[in-house]
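Shared chain: chain A. Partners: chain B in the first complex, chain C in the second.
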Partner chain A sequence: MSVLPFPSFLDDIKEKGLKRAVFEGVNEVVERLTAGMNLQDIREALRGEAPTRKPNPRLQPHADGFWLHMRPSYFHKSVTGVYPEFRLGWLSTYFVFFETITGIFLMVFYTPSPDVAYANMLAIMSNVPLGQFVRDLHRLGAEAMVLIVTLHMLRTFFTASYKKPRQFTWATGVILVFLTYFLSFSGYLLPWDQLALWAVTIGASMFEATPPEIVGTNLNLLLRGGPEMGANGLLRFYLLHVLAVPALLFVFTGVHYYKVIVHGHSLPPKEENIGEDTAKRVPLDKRVYFIPDILTSEIMWIGVTTLILVILVTWFFHAPLESHADPQITPLGTTAPWYFLWIQGALKLGDKVLWGIIFPTVYVGFLLVWPYIDTAPSRRWAHRRLQMTIGFLIMSFTVVLSYMGLAEFGVVNSADITVMHHMTMEPAHNHMGTLRPIPFEQLQAGMYTTREFAVEDAAEAQSAVAAFNAELELPPPWLQGQADAQPVGEMVLAYLDTQHLPLTRLNFTTVPSASPELREVVEEFEHELELKETELHNAWGVVIITDVQENLKRIDVMILWEDVVIENGKVVFDAEGEPVLNRDENGNPIIRMNSQHIYIHRDSQYFAAPGA
Partner chain B sequence: MASVVSAENQASAVAREKAAPSVVVATPNRREFLYYIWGASLALLLGEASAGLIWFALPRFKEGTFGGTFVMTGDKVPAAGSGPTRVPEGRFWMSNVQDEGFVVLYGVCTHLGCLPNWVDTNFRFECPCHGSKYEVNGKYIEGPAPRSLDRFETTLVFADGTQVVQNANGDPIPLEGRTVSEIRINTGKRIRRAGKV
Partner chain C sequence: MFNLQRLLVEKIEHRILVGTVSFLAIMAIVGWIAINEGGRMAAFERQYSARSIERGAGLFANNCSTCHGVDGRGVVGRAPGLNSPYLFGHDFLAELNAEQAQLESERNNASTTAERLTEIEARLTEIEAEKQVIINQINTALANTGGSYNPENPSRLTNLGWGGGLYNFVYTTLVHGRPTSSAYWPQPMAAWAQTAGGPLRNDQLADLTNYILNWDKGDDWTLEDLYAVRQFPIVPADPTTIVASDVETVGTDAAAIVAELGNYQGDPQNGMALYTGALACAGCHLNASVAPLTEGTWTRVNEARLADPAVQALGITDGVHYLVDSIVAPNDYVVSGYPAGIMPQNFGDRLSYQDMADLIAYLQSQDGPAQ
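Here is the complex of A and B:
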């Protein structure tokens, strides 16, 4: 009786009518897709009713389906709340996938070659729809992932969930933390800006310090692909970042999660008898089934996390991009990201083999074997005072080392460089030079001086600048009266010429009122000079803005001061506590000048630091 | 299949077990032995493959691709006692050290590879990465660097035609008032200073 030579859907329509046949067809498809739950089962679950079919259809997807085969079909009630796990394990897994997906999208527009990598970054940030959005998500996601997995590790430590039989789970977790950090490190190089090049040069040099020497040298060569970090190194780090380390990460995540399921989520310490592990034996009344409660809870958590990330990236956080990698210049203030600051701090202590290789190895090794050291049976906080103390001590130690890793610590500079650096520095993690975020229109071409702000009364600014102009036409005070003494202004012009800024004459004005942010920066410049009065004696500073091309401006920052005697980097004081001036053979003070310059394009994107 | 412990020995084995717990394992039979040999050959294969892969991944470059010999005219010699002159293409600095002479320093910090800046106010090199500091002749002052700055072998050709090659220690070449007509810097030959001298 059928149209086709075999029984088919059309027969059903003839038998039961179209509506019923379609409904039953859809029902069957749904049951196959979900590996066991038809429409009524789903509705029952969503309504919070008990299942009517036997066996419980909500367990079928776990038994028959691939996606849920490793997920437990029920959880113990005590681990479903925020405490004790804070869902950190689930969030860590989510971030693996989040980073993979945002990373794959970025791969569409990125090529790992020094010739084009930086241009690709600029294109992603300005020419690809939502490009900046995806890049910021990837960068912020990376930082969030490092934070979340570290918190996950801390949580596992404090609830002593690493104890028997979960020691191996903890060990695989430490390996995962290490892989996460390395993923972050390898991704760092890819934008090929100054921060990328120099942070990774330092990192690869650390590997070079591995003893014995033949291992270290070859490890360094394998990473760099050449004597210096260049095209080969970029390609190798790219392959590590997108293929090798993610593959390892997926494998170890599988191993780690499987062990978690085999042993079950450990219960809050006070719910178990000491020394017992009852996580796998969940009484019937304590079961919370995966479908629908845990599933919906997990989706909600990752939904909220994504929402938070999107909000942060839309309004508060933007991944920085410094200037193009320059193998000739190491910028001041190259910092590691916050989670590597502890290594950078340790490196300042001395020998790079000891502090760069041996110390981190011992640190990570200690973490790895900790469950085999701490075999005390009780997981309760009251019985673990010693272990918690050790944990807090290690955390404090890491924080102190991280502080030492900051750019300001231990890396001293002469006062002039410090002041100028504060104004010109490239965008780093949370700050940049004060000149950079000034809106392009406010950078009006002209010459501005800190003398404008050296007077108490704002009304005197004009006359202060006029007096400054007049002062520049004369030689320095101790040379006035001499026949062929060179005016200060000429010295300045000659110096600026050596910095490739040829000007015909100097004419300083007050900062235009249409440039309030520029005015703020120059005023701050004056304050900084006042603070550094001892080293920069009788100093004044200038900011000179020139139009180089139609959409490109050059900003020169210059300081002129009288030289002070410095020994071992410290100012020498006389009996009255005044700095001793450096004097030439005639007993006159010596004038010193120093300057830096930066270029700002109309499309340069400098985002004000969060909170600024 | 033949059991590892044959029937006759079973009783005595059990007795031995009860008396003093110990493991009794017979010598391997042919099958087991051949498996061991095969396993060893697989291990050898894996070892060779790993070594081969590492050899594959090591980069190829000509030693001395970096740099070669730089020849500069004598007027580039900085004044005695002043700051050094930077040559970015060669990544080195030329110093004329008061009372010591002329020396060429490799400008890469011996700590972790950053490029120290010359800070005129403090009259020393200061590395921006971890704060290592060196004097104008490259001598280590303080910081996490393990040794002083490396030097490049230099040959000075003077106006009167004589040549002086730097000694193996890399000590500065005294100028003794002579005019330099040419400076030859061999960046293929890097002299490592022993320690912090």
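Here is the complex of A and C:
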């Protein structure tokens, strides 16, 4: 008679004793959770023993369970090693989940609004325990995922695994590649720093080029939520990043995975006869069962991959965070994210519509339909010379285009800007101005000149600086003797006054010996000017350090040179190979000046970024 | 051959071992990071506020230094100093005041002996004298400075009755500007926040505020810092305390004023004080892009302005008449290149005949070559 009016666990205890009743209860729960494997089955599997029950309980989870119904119950032995698949497909999926988990952590601390997004980033960095760690993981995972997915596509191409019957699997794969790119791209904007705003502005402006104009304009409006990237644009990119694109990605991942079950993994080409597909007819001795071999292997790879990522973000990689997004200031050297550099490079070839819209569309379309073009039955390399050639040509072309997309290619800045930018730039793209990492105590207030380093012998430095001071008292050589000619020093003072640096007099000295790093920078400044002497004729530079507040210095970098004639970005030379000078109405050279300045606080700690 | 794949992953027990070790290593590293998070977050905070000050310095130079001075010590007649003990409420009498308060409480204590009381009284007299010395020193040193500073009420926030902290005071001032200040400065302070129609984002205002507050020297402010301030805030008159003055103001009829001025002797020294101080003319007339320069005014009036047909059309034929008309009715004739309506229209209600005579005398002394 039951103690309760219905059969219960208590009856079991009465009947079998506590220990046995509990064990059987647990065993049953485990069997239900695993959809078919009880404790004994799991123990056997993990010990590498053969199953003792029939029917084989290790196949049950594939038949009855949700999670494993998307995985084949056994693999061919030839596809379980590192070669030929390098685990790239598996790694891609790993990153989908990895990014989802780290992303949800970050979502908790993030609001998609230009007013607070950047402040949220600062809070994640300064006020959320493990905030920087998770952000670094998310960013590194994103870059790695883009890379892995691309490599996965290349591997599939080179082993011709896209051939019948897997044409459609390949097509969904191409869609997944571009969804991955777009997922990464849409996340780029969210920190709302300068890097984000301008990389995405460049990317999004391509949509504007879509012909006809009415389509382009409206597409741009839809994407950005206004003519400029602002509050609406940020919200839209956020929703794309956390909702729309991941949803599509999961759908296509499901399809992609289901196709693997239907068609099996394609075998290394040499193991099959030409035109045959034996993936679904795996001989018994070649079968490697998912449980336990593939499953333990995958769990191990989760551990190993995550460990590698954790080590990388702990010691070698930090996600960049530049200064607050500012639509008014375009930073020098702005580029799209690296995986879209090829489009930016293509844009430099000419027409925006042709190279920015038609070319990428054709490129993607070509990839999508490739299995239906290349229908030759053989997967052997020897039989695919034309296909391999096309593949390598496209790869090379993409690499060249990506190189052309870099800021260094085809974008000419004037020499003075380039030299000064090199010294003062804010940290961006793993670079920063050479003045910034100088230790604060070495930044002794004073006026220093490149003339100190223009002499051969270091012993002459002192007199070179004295001569420079004397030179500043006089007008330029061609004006000397004229009554109203302004001394060069006064021109410099007047110029600096317009830069809100009111100085009463100039007095240059040699760089103090206690400031070796400052010395190096000024010396390098001189070398840079020498390298660019055709453009910056008779140039000299000065570095002026002033105290602003007790723990704050201002550093002005200034270049003065004689203007030369520049046509189409190139200096014009006369018959003797000398650069042609620009001259005023009296035939005198024209002096030009330019300067940039930065402020350095004692605690701002500019270090070279890890890996830079 | 050494085969990593075979060694590590071919046997199931190897896989379990490698996987377990990896997970343990991850947990160890994350634990190690977690332990150090406090220090890392503090370091980031410090680094970030330092960079915020750097950006603020750039913004200040571009947007604020024209009126508040490159060094933040204010520009006479235009805007008050921010790099000033007054803004940060530093009290130069604090030590003496503290001693005084302590002695006074001791004096009021019934248990204090008569002998001690005499000592206290003597010391209190001394303190009063020492305080007076400092106050006199400060008042003498600041005699020619614009605005007002009272050593006994040395905190800007207290004098304004501001309830919040200094950060919020500076930040809110930046957000909204000082629209009413046009009543006592030549130009009002503009609203700087984008939310209030200005050019700067909130994070930039925070940078600027951090930079301004970085002037604080805490207890290390010196009297030299105080004397270096060129302009203190002008305290606007409380409208309820204003009584009708019995001094007759000049009104706006230039010809009548000129006729009356014959009865007054102008003092150029006092005119200069009015020009650079109370009337704050110099705030605009020191910058040729805002208003004609002070220097060379008298030469310019006689050589250029009186020759202008537009001036002759007003029936103005001599320099004094021109100057008076320009002061009391600035829009009658506006020098080409400058917009009308910039100069305040109410000087006729503010100037007495003596003030006007002094001003004219000062301007007549500006007969150097016009730059």
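Note that in this section the second predicted complex is superposed on the first by the 480 of 612 C-alpha atoms of A that agree within 3 Å, B and C clash if a C-alpha of one lies under 4 Å from a C-alpha of the other, contacts with A are read in each partner's own complex, and residues count from 1 in each chain.
In this section, a contact is a pair of C-beta atoms (placed from the backbone, for glycine too) under 8 Å apart; a residue touches a chain by one contact, two chains touch by 3 or more.
Bear in mind that the values here come from a model prediction, so they are computed numbers and not experimental data.
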item	value
Partner chain(s) touched by A:Glu562 [first = chain B, second = chain C, both, neither]	neither
Touched partner set for A:Asp41, first chain B, second chain C, both or neither	neither
Touching partner for A:Val82 - first (chain B), second (chain C), both, neither	second
Partner chain in contact with A:Asp136 - chain B first, chain C second, else both or neither	neither
Partner chain in contact with A:Asp193 - chain B first, chain C second, else both or neither	neither
Contacts of A:Leu332 with chain B and chain C, given as first, second, both or neither	first
Partner chain in contact with A:Arg224 - chain B first, chain C second, else both or neither	first
Chain A-touching residues of chain C, taken from the complex the two chains share	5, 9, 11-13, 15-16, 18-23, 25-26, 29-30, 33-34, 37, 40-41, 43-51, 53-55, 57-58, 61-62, 65, 70, 201-204, 211, 214-215, 217
List of chain A residues in touch with chain B within their complex	198, 201-202, 204-206, 218, 221-222, 224-228, 232, 328-334, 344, 347-352, 355-356, 410-417, 535, 563, 566, 569, 592, 594
Complex contacts: residues of chain A adjacent to chain C	46-48, 81-82, 115, 118-119, 122, 125-127, 129-133, 292-293, 296-297, 299-300, 302-304, 306-307, 310-311, 314, 323-324, 326, 500-502, 548-552, 554, 597-605
Chain A contact footprint on chain B (complex, rising order)	54, 57-59, 61, 65-66, 88, 91, 111-117, 119-124, 126-131, 133, 143-144, 146
